[in-house]
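Both complexes shown next keep subunit A, but they swap its partner, so subunit B is in the first and subunit C is in the second.
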Partner chain A sequence: MCAGVCFVACSLRRTSFLKYFFLNLYVILSLFADLIRQGVLRFYGVDSPQYGYAYYYTDCLLTIALFVAVISLASRVFAELQLAKYVRFVAVLLLLGTAGFSYAVVAQSTERLTTVFAVELSQNLYFVGLVLTYLLWGAVLKLQETRTRLVQMVLSLGLYFSAYAGSYALLNLAPRYEVVQYLAPILGCFLPVSWAMTIMRYSEDSRLTPARLVAVPR
Partner chain B sequence: MMAAFILAFSLLTLLMFFVSYCRSLTASSLHTSITEDVRDVTGIQVRAAGRDYARVVQILQLCPDRPADRSGLQIVGAYYGFLNLLDQGFAKIFPAVRAWAEEERAGCAHFAAVALGRRIALNREMLAQQVEL
Partner chain C sequence: MSRKLGAFALALGILVGAMELKTLVTAHNSTVIMANGVSPVPKLPLPPSN
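The block that comes next holds the complex of A and B.
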């Protein structure tokens, strides 16, 4: 929670709140989600189905908000090529497709548990988010994007999505290893902290060499 | 099947994003040259080498902390550890990995040396303020 407040405060201080509005919106929504989860946790307890529903459904909504944040960053990267509206269209199609696919997968199972749908949807949404971020990263390298803030924000998102998609996939494969419950608090802090660090450390004019960023140089 | 694919893809991209993120941190310090003070203290001659990192970090711990550098140094420290593991694990099978890892470790050492330069400057400022008082 402190990390989220810190990021919003840093954005306001560096007058970048509106520039990165959807990133700030996601962080503010995650603060509200934390409050709702805390309320449900105190009222019903950690093992209650109510807490399970509250956790997974707020998680799905937050992932969708983060999806919008990725789209906003993609729009900035593609702004010069005037492809922003196509990016938004493809992202909305992907989002609807993922929800439909997840529902179709779970509807075939005999239990038809709604929470199973939430876990499946979370895993798929994080994966779609990861694929989108990966494509965005490809575009950043291809278009020789040099804006340090934009580059580091995309990379933080990539780390966040990969870690979450991987841990949800592991939860689906082997439910005994609940990595998510240990990883979630760390990752929940990582994203706002790394964004705050980026906002505070670099100005909007900071530039870096894209060739230095490729994991394996060609 | 789907979950196994997602797990494998996520692990690969996690590694790729981690390396790129750390490289973006070290790249941001490349434009800044190592100050004369840091050269004197650390013994770095022209360009920082991978082996200088441990020494620079030891000296960094002796200087007053600068909160703005803390998280960056922690991430770069983790990256340095990862590079050492990579070097020990894969360098025998893929010799090119050693050269790449050494280049990256040199970047980490440069990043730490630039941070040390900032801390020394901060230290001097604090000392000057105390003298004024």
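The block that comes next holds the complex of A and C.
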């Protein structure tokens, strides 16, 4: 929670709040979701259906916000190629397609449609975000993007998604070890911390030196 | 027009790839991946069956 507050404070301080509005929106929503979850957790307990509903519905909302954050980064990467409107078109198609697919999966079980739909949509959007982030990272490499903040934020997202997939694999491989169960909550801090460090360390004008230029002998 | 068709094909490709990846990952285990926040993950709430 402190990491999220730190990121939003850094964005405001470096006047980057509106430039990275959807990233900030995700972090702010994440803060509110954590507050709601903690409140329900203390009041009802971890095994209560109330906490389950609060958790899964806020998670669905956060996954949509994270998806929009990934799309906003993609729009910035492709803005110079005049492809931003096509990125938005792809984003809308993906969101509608994922929602439709999720509905088709859970439509059989009508008695628990809303909850399972929220979980299914969240899961499916997570995987769409994962694929989208790797494609975005490929585009950053291909286009030789040099904007340091943009590159580091995309890289953070890639690491975040990969680390979650890794923790999930560990959870399946070694469920006996309690430490594995705490990996996912710890990873929740990674994204705001890495984004806050990026905002603080680099300005909007910072550029990376392409490797080819570094290698040129003088 | 061709760009829109390309964007449509790209969206379909991403969707199919993501769903295949999900099927591969969750094929042998029905537990869920939740990627947001630091709160403990609860069991999936299911209403009582009639």
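By definition in this document, the second predicted complex is superposed on the first by the 175 of 218 C-alpha atoms of A that agree within 3 Å, B and C clash if a C-alpha of one lies under 4 Å from a C-alpha of the other, contacts with A are read in each partner's own complex, and residues count from 1 in each chain.
Here, a contact is a pair of C-beta atoms (placed from the backbone, for glycine too) under 8 Å apart; a residue touches a chain by one contact, two chains touch by 3 or more.
Computed from a predicted model, the values in this text were never measured in an experiment.
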{"item": "First, second, both or neither for A:59, with subunit B first and subunit C second", "value": "second"}
{"item": "Touched partner set for A:165, first subunit B, second subunit C, both or neither", "value": "both"}
{"item": "Contacts of A:25 with subunit B and subunit C, given as first, second, both or neither", "value": "neither"}
{"item": "Partner chain in contact with A:41 - subunit B first, subunit C second, else both or neither", "value": "second"}
{"item": "Touched partner set for A:183, first subunit B, second subunit C, both or neither", "value": "neither"}
{"item": "Which of subunit B and subunit C A:156 touches, first, second, both or neither", "value": "first"}
{"item": "Larger contact residue set on subunit A - subunit B or subunit C", "value": "C"}
{"item": "Which superposed partner A:206 touches (first subunit B, second subunit C, both, neither)", "value": "first"}
{"item": "Touched partner set for A:93, first subunit B, second subunit C, both or neither", "value": "second"}
{"item": "Contacts of A:173 with subunit B and subunit C, given as first, second, both or neither", "value": "first"}
{"item": "Footprint overlap on subunit A, where subunit B in one structure and subunit C in the other make contact", "value": "123, 127, 130, 161, 165, 168, 172"}
{"item": "Contacting residues of subunit A [partner subunit C, same complex]", "value": "1, 30, 33-34, 37-38, 41, 46-49, 51-53, 55-56, 58-59, 62-63, 66, 86, 89-90, 93-94, 97-98, 101, 111-112, 115-116, 119, 122-124, 126-128, 130-132, 135, 160-161, 164-165, 168, 171-172, 184-186, 188-189"}
{"item": "Parts of subunit C lying in touch with subunit A, wherever the complex brings them together", "value": "3-4, 6-8, 10-12, 14-15, 17-19, 21-22, 25-26, 28-29, 31-47, 49-50"}
{"item": "Touching residues (chain side subunit A, partner subunit B) in the complex", "value": "105, 123, 127, 130, 134, 137, 148, 151-152, 155-156, 158-159, 161-163, 165-166, 168-170, 172-173, 193-194, 197, 200-202, 206, 208-209, 212-217"}
{"item": "Subunit B residues within the subunit A interface of the complex", "value": "2-4, 6-7, 9-11, 13-21, 23-24, 26-28, 30, 68, 71-72, 100"}
